[in-house]
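Chain IDs A, B, C and D follow the sequence of writing; residue 1 opens each chain.
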């Protein structure tokens, strides 16, 4: 299986561990990520704050590259990138807007552009929960986790088409399949404070703090993330959040791909676990080898492998 | 000096164009493609192709349009005094000189048949008269008979001049045009066409050949009397018309049917106004004789068919001394259910009258 | 014909953007118009008198009035011309206000349009013929659908006025929403204490027939003579035997049934009597929870019933009632607030609806009037009330205000303090809507006397904090900053919507409903109780949000309409019905097939099958006329010729 | 009255009294400003709107027509708008074949409470009509006559009935004849090529019976007039469908009817054959096989390929004989459904709107209003009461203008919507060869699209689709102005 892939800028910098774990997990699941050649910035926050047209043109170029590479579906791990890609696709439906964008590009954008999706949804589409469970080497049994999607993955709902915008359950389904106990987490789509971590640190600290506090109160072993910026706020800035809330959390905030990777038996190095600021040692210790399935349940595919 | 003129095949366009230049509206047979090819008399313009085939619809609309405005009426009043109004009538008086080119003798004979009631009866119809006066008929001798026509039964033939102003007969390279009426002769004399000279004899030969091609003639002379005798024979007429659909194809295609209806049609405008129309009507329709009370003296198609046939072969001859049928055969050709007027008339001639029947049974 | 035309100025309503004098001058030139004028107010007494006078002095035999919508004043002017001796149907209206002067500012275009609409009316009138109404007898009984407070009021007023009443209630008891309430605003008097006696009156009134646990299956007929089929939904209890003793409810072993009456705040038994004051006080088995009806051996109720009333084989039955008029009082339901993910989609037990809160406070409720949290039974000390949950929210397609939530929230805040002295209530609100008598004072009391903390702003999220409380995040728009409140209990003032099944019922009644399912009154201001279907009236919230006094008032108003209708022995039929020209009819029966009312029958005329219209059944829709290919059946005053005249008047100019 | 100022167009609205007229009132009360072009005609119900009113307006100069009623399920009269929806949708799809832009007509639903929606509807529709500009006038459009030509695509066989089969049929009829008033069949007409209806009342009549591909008359046309008599009729697939349709409409009685069914592969198109023959006096020695027609014309042997002269009606034949026959003769297995478009319809399809209108304009100049099309139609059951000629209702002026003639053709066609069994008699009998079957074939196509492949006359138990409704229409997507 092949999947056209748009990593996004943070994949090559701040969220290298997301990138590593995504690549590793997808490979383990038999999916080859085909990174589109010569991609550029998605036109995210800083760009579209200045010019939404230029921002869309940046995205259009990426979509065009993917289209020319023959992709009909393009996946990205980053919710923000996805949001921009989707918004641009939508805006390009308007002929006059497309004209303006084309004027900014070297060559007119391809007529038919690939659909876009999150790596998470693509994964769920390509690999069933049963298959996922079969491929797992370790069990997450005994882990209490909360899934945190951030505010962008599912909103705006019409655009993102990501589950119930207020209560997405995709990570819960995946991780439950691997044995984890997923706690109901009401703040799973709350705002972490996002890029305000720089201009308005207290705001982000408060927002992230509230999220971490609830997770801690619920007794979670970790808060599982899927957005590079959220992860940064919850992990790198956890100390700031602790200060704001006046208590200590020590709550690991790994990417869901890292947790999946662990269950699939991938090494901590492959998954970039060392990059996490709040260590996952306690959690790693709880992992147990998966019990061999009963003979009758043994799937034939596994035998043939 | 003979007015006979020669019109070469190649010169038809120029001849007609000359007539158009002198102010005639020229009607020619023109082929109309369709699911069934039809030939229609339509105004001719330079460059339009001309067909010399027999037209599908007889040219009677030139003297009796499918519908014509007899007059316009219009009521007028002032805003200040709306209860008081005046009425003005505005009769249609525009009649342009018209030339009918290449009609057939049976078509032309139709005009002669229409002329009698419209021009020679108690009332001279001014609308008809003005149109007829403005019309010049140039007929083309039929080269032969056809499967449905029967002009020779009705007292005419493929080169009968009756109703025509000019008779044209086709010969090798063109046509000989022969003036029949003064109007026709004058037109020919005024034309730039070469004199026919020797060619007139060729034309005479052609006409004779046409007559010789006809099927044997049937004697219809007893028809007026026989039809009068079987007028009340409902069984005869029912039997003869059971397939009839009571449409109007026969009457509207006919060169001699002239029944019409008169209606007022309002036109919308600021004030009240409208037109009085005369439009073709058909005796084959139930409404034709429907009275305001709802009573209808001819409720069945049998009675209506009886009317049509009796009018043509009995009552018209009684009044005017001639059949009101020119034998063009259009009603036979185009009847959806193939009713054949020839067959009905012949059957009538050979039918036993009620008295004869009585005698036989007693 | 001699037609008079009256172009109404309607003060400046029409004359402001239409040159009425010019329209009148043009109209004078139209065919058959012998008189045209432009009065100031045609519908006013002098205006009507002027029409009558003109009919006499100009010997008019037809009148056109160009003014407002015929839906407004056509009946008025028909009476006017009738007073002057004309047949009321020799009258036509041109709507040059709603359709012209009020929707465009271009005087030239408006004047032209008005002139053409007048021409249209004149051309139509020229085809009018005098029509005569027929008198037909009426059934002087009324059907009231819905036994909430509005329906109860309408039933009692009608019955007291001597009209037999058929009252149909979907639930097992009448009383509606009001029966669930603890206290009522602004007096804080006991709801059951004021409603209870009325419910008893219904039960005891000799002229009221009550069908509870029943629904309307089908309705046919027309004003004066409706035939109603009522589905008596099975209760599995023979009510003719049930004494309401309650033994069965005590012994029933299935104790986890959903308690609809108590809004699910506590489970109940499978066989229940809704509440002690229920009317009728009869038991009903909830099929979903009954062990016997779900294939398990039980039948405890049947064993303990002293009168042998339990009947597990019982099925729905049908009754037909003939009535002359119908009052619809079907009330409302709460919208499904669980669509709000930010309030937890219904996952958190301590986020409840205000109606459930009423049951928590109510002494006859499952907690005996003790306010406790559904999750752990503890007394809440911090209660947050959230207003406008599903009201005034265009994002979910509910832009309308539910009307009474502001008031009951104030009441609930007050009662919370009464019940739990050391509690603190918070109210998140958008605006406080308290326009009724003593209402604003009441909400002030909640704030000033009872210390309720009112916060103007919406709640963005409610979630459990993991430590037993709920975190309520919101915005204080007056202070312009976010607020975060820890709550023990959150009460949502959930918006109302039309009662479930309202649309289907409207379709049976052939009345209209708006985009939200509320029934449409005939005129927003002048006919708030009538519907567009003659003989069908509205009462209560089914027509739109209103509180108890307004519902009661509309119930009485509907009853007054019924009594007015029944003040006569007979009704005049609408003579604008279909007529057959037998001569043109070929007896193909296409009209019979299409007629929505079965008002056309086939009959033999001179041995031939012809259509015949049953005058009293025809409602004048004209479907038959549009169906008949030969134009043999023509709807009077909307004949082909009428409409053709109008089309021609517009198109051939 | 002055013509509309040049910036206004002629837009006619038909609004039901209860919902949409009220909605327009609501919009007015709310002072919701609207373009001034629209003129409203108040009707009791959208079901009252005969599609012919819309066409009358469009032909007489309206630039746009809008019909608005209560929302489906919300009809004041219960079901009126359900019927309207079907009829108006058929109308909308019918317009293009006449050369009228379907965008000039729209129908929608506006309730009495939806003032805003009404404002939106009026504004949008008026904008759309302005975008189209003034409508072309039928009487003023350039006639497109000479471009009218098409080639017959058909290559199918025509019917030949073997002498043995004919004898079988004659015997069966002879057996039944004593209990019947008459049996309808065909006989030779004025010559070998022309067959005409035969009313068999005696054994002697029976000897004249002929049943081959020259027998084009649809005998079902006579049945309603014979109501009350016991009649036998010989049918092929197309006549059988006409019988079924009349039974559905209750215009004939099954008990009075004995149906003798024959198989059929196709019929000869006599007008085109006549055209190929030219003027002749005598026809002799006709032999007809499925593929060739031989005959001697004025002494000369002529041979034609029957496939070149198959009737266009046979191109849409559903093939199968509806279950209506009392007695069947011969082998019906060769009858298969044909789905080819009739050539006249394919030709019209290939034209743009303007050309289509020009085409019909040219056709109507030839129409003489003889009504042979109508009177030969087995489904034209109004007979003498046709609204094209009545004075009350006064649908048509007696003026023989192209517009009035065209309107007559439209009446005929629309009255056949969902009822036309495709026998093609209308066109076959037109003296001036107007391709009016195309209008019916197009309507049949619309009805089939909208109502799950419905074909008139195939099922005796079916209800003609325009005489019924369904609450949810599977193939009608009402236009909304959301």
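Just so it is clear, a residue touches a chain if its C-beta (ideal position, glycine included) is under 8 Å from a C-beta of that chain, and two chains touch if they have at least 3 such contacts.
What you see is a predicted model, and the numbers here were worked out from it, not measured in a lab.
Chemist: Most C-beta contact pairs, which chains?
Modeler: After counting contacts between each pair of chains, the winner is C-D.
Chemist: Please work out the Cα centroid separation of chain B and chain C, and write it as a whole number of Å.
Modeler: It comes to 71 Å between the two C-alpha centres.
Chemist: Counting in whole Å, what is the centre-to-centre distance of chain A and chain D, each centre being its mean C-alpha position?
Modeler: Computed from C-alpha means, the inter-chain centre distance equals 62 Å.
Chemist: If you average the Cα atoms of chain B and of chain D to get two centres, how far apart are those centres in Å?
Modeler: 32
Chemist: On a C-alpha centroid basis, what's the spacing between chain A and chain C, in Å?
Modeler: 50
Chemist: Give me the residue numbers in chain B that touch at least two other chains, ranges are fine.
Modeler: In chain B, 269-270 touch at least two other chains.
Chemist: By residue number and range, which residues of chain C touch two or more other chains?
Modeler: If we look for residues of chain C contacting two or more partner chains, we find 26, 583, 648, 652-653.
Chemist: At least two other chains touched by the same residue of chain D: list those residues.
Modeler: Where chain D meets two or more other chains at a single residue, that happens at 1.
Chemist: Going by the touch rule stated at the top, which chains touch which?
Modeler: Taking the chains two at a time, the touching pairs are A-C, B-C, B-D, C-D.
Chemist: Which stretch or stretches of chain B touch chain C in the complex?
Modeler: 75, 77-80, 82-83, 267-272, 294
Chemist: Which residues of chain C touch chain B once you look at their complex with the stated criterion?
Modeler: 2, 25-26, 28-36, 58, 123, 583, 648-649, 652-653
Chemist: Can you check the complex and tell me which residues of chain C touch chain A?
Modeler: It is residues 340-342, 344-345, 347-348, 461-467, 471 of chain C that touch chain A.
Chemist: Please output the residues of chain D touching chain B within their complex, sorted ascending.
Modeler: Within the complex, chain D touches chain B at residues 1, 145-146, 148-149, 189-191, 194-197, 199, 217, 221-222, 269, 271-272, 274-275, 279-283, 312, 344, 362-363, 365-366, 368-372, 374-376, 384, 389, 391, 397-401, 425, 427-435, 437.
Chemist: Within the complex, which stretch of chain B touches chain D?
Modeler: Residues 32-38, 40, 42, 53-54, 56-57, 65-67, 144-148, 213, 215, 242-243, 245-249, 251-253, 261, 263, 265, 269-270, 275, 277, 279-280, 282, 285-287, 330, 332, 334, 336-340, 343.
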